[in-house]
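Given below, in the form of structure tokens, are the structures.
The same chain A turns up in both complexes below, where it pairs with chain B and then with chain C.
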Partner chain A sequence: MAAPETPPTSNLRYAFGNVLSIFILLLIGVLAFSIRLFSVIKYESVIHEFDPYFNYRVTQYLTKTGVYDFWNWFDDRTWYPLGRVIGGTVYPGLTLTAGSLWKILNSLNIPLSVETVCVFTAPIFSAFASWAAYLLTKEVKGVGAGLTAAALLAMVPSYISRSVAGSYDNEAVAIFALIFTFYLYVKTLNTGSLFYATINAMAYFYMVCSWGGYTFIINLIPMHVLLCIVTGRYSSRLYIAYAPLVVLGTLLASLVPVVGFNAVMTSEHFASFLVFIVIHVVALVYYIKGILTPQMFKVAVTIVVSVGLIICVAVLAVLIALVASSPTKGWSGRSLSLLDPTYASKYIPIIASVSEHQPPTWPSYFMDINVLAFLVPAGIIACFSPLSDASSFAVLYIVTSVYFSGVMVRLMLVLAPAACIISGIALSEAFDVLTRSIKYQFHDKTENPQLSAGDTSNNSKTDEVKMEKSEDSLKERSSRKNKKKAKDTEKASVISRIEQRLLVLPFEVSLIAIFLLVLLGAFYVVHSVWAAAEAYSAPSIVLTSHSHDGLHVFDDFREAYGWLRHNTEVDDKVASWWDYGYQTTAMANRTVIVDNNTWNNTHIATVGTAMSSPEKAAWEIFNSLDVKYVLVVFGGLVGYPSDDINKFLWMVRIGGGVFPHIKEPDYLRDGQYRIDSQATPTMLNCLMYKLSYHRFVETDGKGYDRVRHTEIGKKYFKLTHFEEVFTTHHWMVRIYKLKPPRNRIRGKTKKSKTKVSSKRSGAKKNPWH
Partner chain B sequence: MGKSATTNDARALFQSLLSAYSATPTNLKIIDIYIVFAVVTAVIQVVYMAVVGSFPFNSFLSGVLSCVGTAVLAVSLRIQVNKENKEFKDLPPERAFADFVLCNLVLHLVIMNFLG
Partner chain C sequence: MAISLTPCAAVFLLLLRLLTSHALSSSDSVVSDLSALQSQSSTGVIHLTDPLLHRILALPTPRPFHFLIFFDAKQLHSKPELSLPTLKNEFSLVSSTFQSNKPNQKSLFFFEIEFGESQASFAQFGIKSLPHIRLVPPSAADLKADTIQMEASDFSRLAESMAEFIESRTKLSVGPINRPGVVSKKQIFFAVAVVLIWIPFFLKKLIAGNTFLHDKNIWMAGAIFVYFFSVSGAMFNIIRKMPMFMMDRQDPGKLVFFYQGSGMQLGAEGFSVGFLYTIVGLLLAFVTHAMVRLRNRTVQRVLMIFVLFTSFWAVKKVVFLDNWKTGYGIHGYWPSSWR
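Then we have the complex of A and B:
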């Protein structure tokens, strides 16, 4: 940087720079907010997907009854007949945030409805998240990198996908809490102030309240502390940054009912305790080293090592025995599936069935973080020159999040802030180099046209030049500092040496490079806006399609829930596959059997078995659960691919996992699920087939299924135990009622039936007969 | 031969530790006594839990963690107030103490909530 000319002018420039950055930050906030409004403009201000409906219902309850009733709420309208303890199984951060926002706005006489507040919570918090990214990157590299990172985060498609207006889910506030907690940790690490350590613990508390992904923080920070200790960067600031966080953080985490005692008993937190002990040992060692003479210290080391090793081995043996006694070694199912990607598919089919839990493909990286995918390696190199505690944290963050994003597509969301920070650093460094070359060349041309000062560094790899440049600028700075009192001749020789070492790109090359970088940014912006508008703004409760006669809107889901709400009794139970549970309780206000929380595998397997059984068996299962109505989603008429027939394989697998009389090969022909004339008789007789295709042949005479692209196998059949009560306009949702049991049973009695079935092999008895 | 050498070494080590420690200023020694008190209280609580059982687990946790927490915060205060520590030479000790009080306030608020 050029030496300041006179203090007043540099102060003015400094002040102007500050005002400009604040203005830029404001604009970035507005950008982050507005890019997420596409769904509101294209569709309407409605809550999207499935999970947000549950959060919306909980927020409604909170605003109606207050915090104490919400905290102690036992919900009997779901998981009939088990119910669900909402207070103890929900992460309250999001609902409390939106609830308090609503309360504040209403007390200021701004009468927004709860739905509006819920819909717009995510865009507001994404603006906050960009500002938090600015703060974090400013701590790592500087203001320029901070602004670039904030601008990148405002638009990164991966984050937009989970925080559009209407996507009222935990990640909307959790990503802000994540970045803010990391910022406070790095700030504490840089300043060593206990004040920031306190606020760090409180931000961590907010993160624990908001999302189950808080375990990422409580494992990444100990990893970073360990890295600093191992690479010899231990300092007392590290102790102040880490130790209070562990104690306060564990306490605050146990306060949240969902986490409770898991904060001290599950393996996810053991890393933090282990590193807590390690950092105390290291602190003690450094302290003793400071007060002893070197040979005394050697003696101390030999004694301590021999004694301490024995104690360590003993404690470790006890710990290993404790941990090994639990079957999952203390880890929860979800965390285990992160560490071992094949775990879920082998042991927990429900986790494996969620499409968000599949590994991502390469195109999804370019879709979700676009240009940042190539800027990240450059940024990692930029972080190494110079390497500080904060930049080592940034590198560790990006490396771990890249690994986890490779395991589950859903965790691309954790990768997005890391990628933005690192790419912000890379872009800012590149601009630094290029503008410095231009400035130098300009300065050179205007002052001394003969100075040829080594300007031949036409490396095509910008990062190499970057590294050399920053190395030299460092040397230049240190050499300037050391030689402050140098004589003129020495100064001149220093300057010529600096000019010889200062590798500067030619003027035209720098100009073209800046232009190309700006073009890169433009491509990124164009892609992000396209992704936000086309790919990620669909509310998935309303579908649209473009045909030759204009826009066609499919509002079947809300039609069905509305029908349920108005045409059934308040206490009627509705059975459907677990995907639609939250929406049914929120919009139709009816009790459901299973919903998206998927906490009880046996209950879901019961519903899955019912859907895969013949009509009579299914009727008996549903009757035992007091079910009145059954809801199926069918996409065959309009070509909607996420219908229940396509999900049927999971119903069979999950049901078969608990009830062995459901065998998957019974439904497969040549290893495939088919519904045409080649389908197996078990498939053609199961409840799902019958409920989906009942009277389907009446639509076009042939029963052509537009999703499976075949005609159906069994076209003409009547339902004996169910009656159809409602089918929506495009046949997407079909509701059936259970027929009441017959008054007289003619013919064979039940006794002879059991005799017949027991005559066959005693194994694999159907528990429902 | 080796054993007597090690015991001699141990004794010499112990003496040098004692002499080096007695050279620390009094205010730091007061903080050290406070830390020792907190850790001893934590150990007493753990022993009590081992005898009586851990039934209200939240009370046990909050008790032990409050002792450990105050010990950790006192260590942080000692680090910041220590004149020999180069990194904190422009931090006034009053500011360090104010931070210490604030953090303790938050810690004890959480403890009292969790005590049950």
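Then we have the complex of A and C:
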């Protein structure tokens, strides 16, 4: 701002500053990208977990067949025999992004595989997200704060957890879209430019394409607009920032198939329409105020207010009627549990039971945003002095997101960018004050009269500092035009108060404070790197374990899927519990009965029932579904705890929910779930037990299960309706084939006829034993 | 014979008719009396006394109505673990709901009986402990054997489960419980009217720009409070209904304020760490925004040293607590040549 006094040096300084900022931003991008590569370095370049495999498969389809086919894709390889309409039930943002990325790279003759592009999409978009954070914070509090915020965001653990290389999920691109939309909103608010308003609507569209979390945007921005109006900050810039977003944004959002008419039919969107009306009423009031004399205005106010009230009431009534008649009957359960935190635990156990939806405890905050938790309050206060439209938005963002994160641990992901922005502001303000203190008093102390060329600029810098600090009340970032005007008047006032005292702290303590702040930052870096390397990088498709004799790698899942791909017919159906559905379709390319998109409970219950039934009944169920192979995950040999036996009670519960002949107590001995000799006969005869422990005793002679820490109950048995076809190296995945019916009857009818009849009279459970 | 018999038979018949008509008329009169008593009571619960019970029981079975008795004892109202007042309220609520849903319905009556004045009736039913609610079906002759006691599980969900109990045993539906709101209709009406009148004045003030909403300090304090509230995990405490502290299992005299294991936290623990989270930021803001304005260098120094010490201690404490609670060993990755 002191530029006019010494134009040449100052221009040079600014040019240098800009180049430096760009260089720093580049480094931040590199940092954001590279901190997420631990998963590739420690494991390999592989897609992680479950949902990313589905996204990967969709992307493969997209790159192979093109956008239109993808849009109309009916997937017959899953939910057999129902299938699933993929095009209309996914958020296409991520897939389209990675698909276009792949296309661009290929057209540039960079032959990357689709998988590689998918693996690295998340790290690339983290770099973009850091840059977006820089832009947003720059709009709020200037370049210094922007750079700090970007650096913090590049390595915030909460965001790393969802965006390591290989974690190819919606959140990876959605967080970038979220921050970028907010940036464009604030930019429009600061400039009042329709151009940015239009871009803002596009960014919002991208966000809607990417993630269901877009409802956060379409509620936060109206809230901010309302806040501005209520606190008397209405301006035409606010109108330009908001009205086009609602109109264009809603139109664009309804173009996304998965959203469609929800964009106007569900309560999550109603706040924006209500505020849309309010802002028009307010705009009208301001317009009338402008054209009338104060006396006339007073008269007009009463009229307008009353008319406006009537309109509001009418619209409210219409809205209430709409809510009552809307298909979802108002808000969805997940949104409601945000407003009333105790709602979910009372009424929707299925939401309350998901671990991502639990409320976090205080260590979660320390794990996920680390030292930023200490800095945020300072940032909030910094945003209030002085308060501008942009900084009030930042405050609103942090307050809402921190509240929501308190309700659901999953929303920590939305909090993380806000915490970075606010902490960036706090850190930059603190460094500003402390370095100023040191720099200015250092010159004082050394009392060096003959300073070099930097002297003049230093002096001008001090002037600038003074001026900035003495003019706190000034709204810092108004529109460009206003700013120019303000600058002229401001300069005069500064010159008149040139003797004003410099706002500094004592020299030594400032040094100590800087040292401590740097220490705090260093701790943050150490923590983030540790979190990235240790806590959030495991792909869960390849497992490792450290023991006294070195590192063990368990690659059983891919071994099994590879076997299926190479040894079974293309159209064979594979049954497994739904957790492995996405992976089977993506890696083995075989049709599955159920998968992780748990849209049809009955179908899942059918599989659960089959797994809980005795062999024959299970065989009949699977045969009726055309299943050829059954896949079970078994951790008893290596001690892998999240295997099917541990999930088995869920299969029983879900199965029993639809087919009442499956009863949970039948599988429990005195309320306890056990698989040892005390286990119930139903448990020992069910398909899951048999498929998991078939031939298990051959491994160590005793059949000791290392997950349940016990010897199994039934050690020697033969399978009648299934045959083992493949077991992986560590026995983690076992694949069985359904025996064809004719063979069984010929071989066994005569031999077991007497047995069958005698047994049938006694125990009806399983005629084949 | 026939002549001599006729008057006898006539007398007998007359007697019989008289008797039955008396019985009928007495049952009618009891019901009408009960209806009158019922209409006197605001909730429809009739205060039962020994004579009244005697009169009802004098009716021949089957009686034309069911009745439900709430056994009350004033001297036990002060005992919170029995929650007699709550149950009594809920009982009245069921009664009033039944009245409003089925006006002029005379097949079910609600009674309450006080131990102090009707000990004989208590003895007749063989009541030894409270809370106790009993349903007397029309056919009940023996009060101890033929009546149905409402189990604790039947009033665990208060009025709703009581209504279910009644429906299952008497085949009379109570209908949805209409619980009176916290504020009555009049009060709501009054509040709405006040708000409606207040809105224009408020809007006027709003346009003029001087309400508490324009005071940024209030917003600032609110924002900081929400932040403190959230990072302290208060929402976890609310949803899980965690206590502020708990007793040590090994040593019952000792209180445990900090729980080891990251899946759970105690109330006091959350608030103290939330306080540590918040205080550092507040002190930092104090340094950058308030302290720089002080003129006295010595004061600045002293305050600054205090701030630095407190912040350092707070951060150190949180790091220590976090490591202790979660058991994570957070470490840096140094070049191996440095070791």
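Convention: the second predicted complex is superposed on the first by the 598 of 769 C-alpha atoms of A that agree within 3 Å, B and C clash if a C-alpha of one lies under 4 Å from a C-alpha of the other, contacts with A are read in each partner's own complex, and residues count from 1 in each chain.
Convention: a contact is a pair of C-beta atoms (placed from the backbone, for glycine too) under 8 Å apart; a residue touches a chain by one contact, two chains touch by 3 or more.
Bear in mind the structure is a predicted one, so any value in this text is a computation, not a measurement.
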Partner chain in contact with A:285 - chain B first, chain C second, else both or neither: second
First (chain B), second (chain C), both or neither touched by A:516: second
Winner by number of chain A residues touched, once chain B and chain C are compared: C
First (chain B), second (chain C), both or neither touched by A:300: first
Which of chain B and chain C A:359 touches, first, second, both or neither: second
First (chain B), second (chain C), both or neither touched by A:403: second
Partner chain in contact with A:193 - chain B first, chain C second, else both or neither: first
Which of chain B and chain C A:236 touches, first, second, both or neither: first
First, second, both or neither for A:377, with chain B first and chain C second: second
Interface residues of chain A shared between complexes with chain B and chain C: 302
Touching residues (chain side chain C, partner chain A) in the complex: 199-200, 203-204, 206-207, 209, 213-214, 216, 219-220, 222-224, 226-236, 238-240, 262-265, 269-270, 273-274, 277-278, 280-282, 284-285, 287-289, 291-293, 295, 297, 300-301, 304-305, 308, 311-312, 314-315, 318-319, 322, 325-326, 328, 330-333
Interface residues, chain B side, partner chain A - complex: 6, 9-10, 12-13, 16-17, 20-21, 23-24, 57-58, 61-62, 65, 68-69, 72-73, 75-77, 79-80, 84-85, 87-88, 91, 96, 99-100, 102-103, 106-107, 110-111, 113-114
Footprint of chain B on chain A - complex, ascending: 192-195, 197-198, 201-202, 235-237, 239-240, 243-244, 247-248, 250-252, 254-255, 261, 264, 283, 288, 290-293, 296, 299-300, 302-303
Residues on chain A engaged by chain C in the complex (per definition of touch): 230-232, 285, 301-302, 305-306, 309, 341-342, 345, 358-367, 371, 373-382, 384-385, 387, 395, 398-399, 402-403, 405-407, 426, 429-430, 432-433, 469, 501, 503-506, 508-509, 512-513, 516, 520, 523, 526-527, 529-530, 533, 535
